[in-house]
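The following blocks contain the structures, represented as structure tokens.
Next come two complexes, and both contain chain A; in the first it sits with chain B, in the second with chain C.
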Partner chain A sequence: MSTLIGLPKNGYRVVPGPEAYLSPSAAIMGVVLPEEGQGLIEGEIVPQEVAMEEIANRLLSARNPMLFPGPLVLWAWSDKAVAKAKALQDMVAEVPGMRIIPMPDYRPKYPMINPEVEINPNHPNLTIWHNNIDVCMFVGVHCHFANLALKIVRAGTDCYTIALCGERGHEDAMITLRDVHAEEVRKITETIKRVKMGRVSCQKEE
Partner chain B sequence: MEALKISPGFEKVMPQEYLELVEDGPYGRGLGVKDLGTFKELIEVHPLCAGCALGLSIRLILASLPNPENTVIVGTTGCNAILMPQVAIHNIHCLFGNQSAVATGLKRALRLRYPNTHKDVVVMAGDGGVVDIGLAPTMHSWFRREQFTTIMLDNEGYSNTGGQESGMTRQGVVVNMAPLGKKFPKVPLHEVAKVAGCAYVATATPARARRLGQMVRRAILVAREIGPAYVQIFCPCSTNYKFPPAESLKRAKETEITEYMVPEAKEWIERIEKGPKAEEVSNEA
Partner chain C sequence: MPERRVVSPEYMLFDAPREKKYLIGNEAVAEAAKRANVDMAIVYPITPQSEATHIIGDMYAQGYIRDYYRGEDEFNVMSAVAGAAMGGVRVFTATSGPGTLRAFEMFPVWAGHRLPIVCAFMTRGVNSPLSIQPDNIEIGWLADTGMLIFHAEDPQDFFDMTLQAYIIAEQPEVHLPVGVCVDGFFVTHTREIVELTPEDEMLPPYDPSVSPVVAMDMETVPVRHMKDPFVMKSNYISYNTHASWQQEVRAAAERARKHIYKYMGGPIEVTHPDAEIMFMTSGTAAAQARVAMERMRAEGIDVGLVKIKVIRPFPEKEIAELAEVPGIIIVPEHNITGWLAREIRSRVNNNSKIYSGPRVFGGMTMPPEVIVKETKKLLQAGVAV
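Showing the complex of A and B:
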């Protein structure tokens, strides 16, 4: 396990936009990817469990939380993909009001894309604006397209982005976890259930 | 198709287009030009000009791929590049002219990664990409006997940059930005291809749809087993050549249809086409 680095030396935080028409990539601003067992919250390296807790809080507090599944989980190309897809659907079921807009591939489909029913890395900001999505979660999107889409979302919207990555994570998301497979998604679901129960208990006490 | 299943539970959120591609697309079904209109096509709308013979040619090419689910198209700058990203199979856009170099690496890598499956690599580019800017990579891929198909969409000029002459423009022709007329003859690339090592060479037109489909299919099958293949498709451009869009097919007929195969390729094609399942070609290597 490497030493926790925390925020970049310049204090740059990856926060909801609109950042700028040509926003800087988080990597250029000094944000580094997490090591095993870690995640990123707004550019700061934290333990994986802390990031999961924050994901649960963000999703449960959102007015309109949205899952954006990409080709790697939408298509049943392996048993692992099917297991992850199932785990994601179980997670969505635990978040009140959470919906799904898929990204089945990366074809630019001007001018006929319907942002109500699909998202595309070439214009994810339209989807975010059109639906007033305040928290979204990218899963199963190939790295280069996820980087592109997350940057466009941060550049032009105030959506809070979460990226669950099967590889090293995405520094351009506000929260990211690395090495996320079906088991890790189930852990997030358990965290959501626990946080939800905690909130219900608090309300009862009040 | 095993590879084209939607993860259970996600069917209800998939856009209609993808549901139709899975249910009724051409993947793994051995369809061809004669089946057009009976299945969900790989391209259904495109932004090309009215009457563009190139758009029709691409539609016919896509319908003729023996195994679209195992095909990667490699293209480059040109009118077709506006259309290709919308096609529902893998395609790669390269820097202007280096498509045959990219296809070489891709084909070799796919052969190593999937030794038991035929992964067809098809270069599809305009005349500028193949005969002018990309001539060196194209020729060298043939010299090296790289086993992929090169399809030239020959609209006899650079159409989406305002109308410059290309090597494929005919002698004497005046286009927008070549007001004095072409000074030298059209490059006979199909003849060059024969001596450069291609095992299959054809010149085709979208005005003869089934014949075009047959040629594309033969080219890809020869490239799998024998050696490089080249298909040159005449695609008249109504925008650059200033004729009514409705005349495209009439003009497309004004070309010679030719077909050349080396003896091994001819034997291979005869074996496939006269076999018990002439319409179905396995993609198992």
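Showing the complex of A and C:
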């Protein structure tokens, strides 16, 4: 059942909002997580490389792209975490104008959060609104909190969400990849470089 | 205790050799806990569960389980296993009827904390005057706690489903508690042939690093929610977070479906899917309905059976599709409320063809003759098939 390729039969798509007073979970609407080697674009299962290409396009087309790193990559709790964090820094450096706002922990910060410098899973929309973020990428956020934040962002903002997951992925993001570790981040960076070069070539031809 | 080796979940469920033993359900579930590589069991005795948890205590003494104690009561037990699971270990517990109700506050707490606790519910009557006899009314109440709920038919199911429960509960995108339910006495105290995997093979240890929430202390949510003004705030953000949190728990249950197909062969078992008359039921009522089906088919009456193994997430698409064919759907149950018939009715078009019953409770048995008689009565009354 859950390995069907394609969109849910009800036609539900995971697209930028503001979607609803209370958005449904994409999983409840029939969106299923990708299998190994696959990703999701707006609820549709695609090969991993296709999702990477779309991530590159979205980031490079954004007015204000933002990385939201969570505790799993902010803290040097393992060699793999350190390697992934370094790979992410390299990726950010390849995207013009991309900035980083961390999600250092999950404690509710209401009403004292400073949306200029951090994001919180319980009210991520405040950070999106305050900084006019049009494309964001979640990475290193524990899955429950990532889904919580992604759904709230979709409910109340028009931000395009990308989630890189070290486990099985996130249906509530507009693009998601599963099993993302340092090597996969480096592949995304290479894709970004390639897409960027392609755009430069097109401009020269014009 | 023999030297034990870790085997993969797939090997244990599908490829491991099986040895036949003559066991009651309480022995079967304890054997499953032994093979599940449980770190800690915390229990409080209650009929008809007591024997299983007594055996698990013996297993602790033998070294199969790393820690074990008897709590002060069921609320204590269900709180304590939550603490153990938050600490990152694999836990097992079990209870029955009034124990389920005493501990009830903790079940949605388990789900909200995304704790992959496996709890066996050996169901029994909860009414006054006191009854210790079979009655599964509590499953209907458990169904909306956010837990996954399985309903075993016999000791073999009880063994297999307990192992399957750990494997499915601990999937990173699921990571929810599972209630493995059986009808007390009919399963817990009935001796049947059970095919067991080797005693010296166990599941891989639980890996808490895949948890969708952080290891918990008083500074991290959702524990933090309890003492933070956030939880008390009367504003949209606060309400929206709590609503989204509950939605994510239900989404996690939805994600269990593919693992239910992989490890359990699906949430239902169907015999004669094109039959004109269909029994749809669960637990030991499925065993009785199967006998009734065979007797009626011997008389030339076209009857089939859908055994519902998984109550949460409810197999709504499967049931809706199967319900298109028969002219009558009969739902025998061991409780007074007819919770399973309600579940089915709410998922089926043209649900006027669903008959809730026969229902027995308070310890009464459900002889197949009763199911046959009730079905024939419907047919004689001119119900269109």
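Please note the rule applied: the second predicted complex is superposed on the first by the 202 of 206 C-alpha atoms of A that agree within 3 Å, B and C clash if a C-alpha of one lies under 4 Å from a C-alpha of the other, contacts with A are read in each partner's own complex, and residues count from 1 in each chain.
Here, a residue touches a chain if its C-beta (ideal position, glycine included) is under 8 Å from a C-beta of that chain, and two chains touch if they have at least 3 such contacts.
Only a predicted model underlies this, so the values are computations on that prediction, with no experimental measurement involved.
*Asks:* Given the superposition on chain A, are chain B and chain C in a clash or a fit?
*Replies:* Overlaying the two structures gives a clash between chain B and chain C.
*Asks:* Counting only touches as set out at the top, which of chain B and chain C does A:S25 meet: first, second, both, neither?
*Replies:* Second partner only.
*Asks:* Looking at the overlay, does A:I152 come into contact with chain B only (first), chain C only (second), both, or neither?
*Replies:* It touches chain C, and chain B stays clear.
*Asks:* Let me test your reading of the model: by the given contact rule, A:V117 touches which partner, first (chain B), second (chain C), both or neither?
*Replies:* Once the two structures are laid over each other on A, A:V117 reaches chain B alone.
*Asks:* After lining up the shared chain so the two structures overlap, which partner does A:H142 touch, if you call chain B first and chain C second: first, second, both or neither?
*Replies:* second
*Asks:* Which touches a greater number of chain A residues, chain B or chain C?
*Replies:* C
*Asks:* Just chain B (first), just chain C (second), both, or neither: which does A:P104 touch?
*Replies:* Once the two structures are laid over each other on A, A:P104 reaches chain B alone.
*Asks:* Looking at the overlay, does A:Y12 come into contact with chain B only (first), chain C only (second), both, or neither?
*Replies:* Neither partner.
*Asks:* Just one of 91-99, 181-189, 217-225 or 343-351 in chain C hits chain B in the overlay; which is it?
*Replies:* Stretch clashing with the third chain: 217-225.
*Asks:* Using the superposition on A, tell me which residues of chain A are in contact with chain B and, in the other complex, with chain C.
*Replies:* 105, 107-108, 110
*Asks:* Please output the residues of chain A touching chain C within their complex, sorted ascending.
*Replies:* 1-3, 22, 24-28, 32-33, 71, 105-108, 110, 122-123, 142-145, 147-148, 151-152, 155, 167-169, 171-172
*Asks:* Applying the document's contact rule, which stretches of chain A touch chain B when the two form their complex?
*Replies:* It comes out as residues 69, 73-77, 81-82, 85-86, 89, 100-102, 104-105, 107-110, 112, 114, 117-118.
*Asks:* Quick one: which bits of chain C touch chain A in the complex? Just the residue numbers, please.
*Replies:* The contact residues of chain C facing chain A are 114, 171-173, 175, 210-214, 219-221, 224-225, 228-230, 233, 237-238, 240-241, 243-245, 247-248, 250-252, 254-255, 257-258, 261, 317.
*Asks:* Which residues, counting only chain B, touch chain A once they are in their complex?
*Replies:* Residue list for chain B touching chain A: 3-10, 13-15, 18, 45, 47, 85-88.
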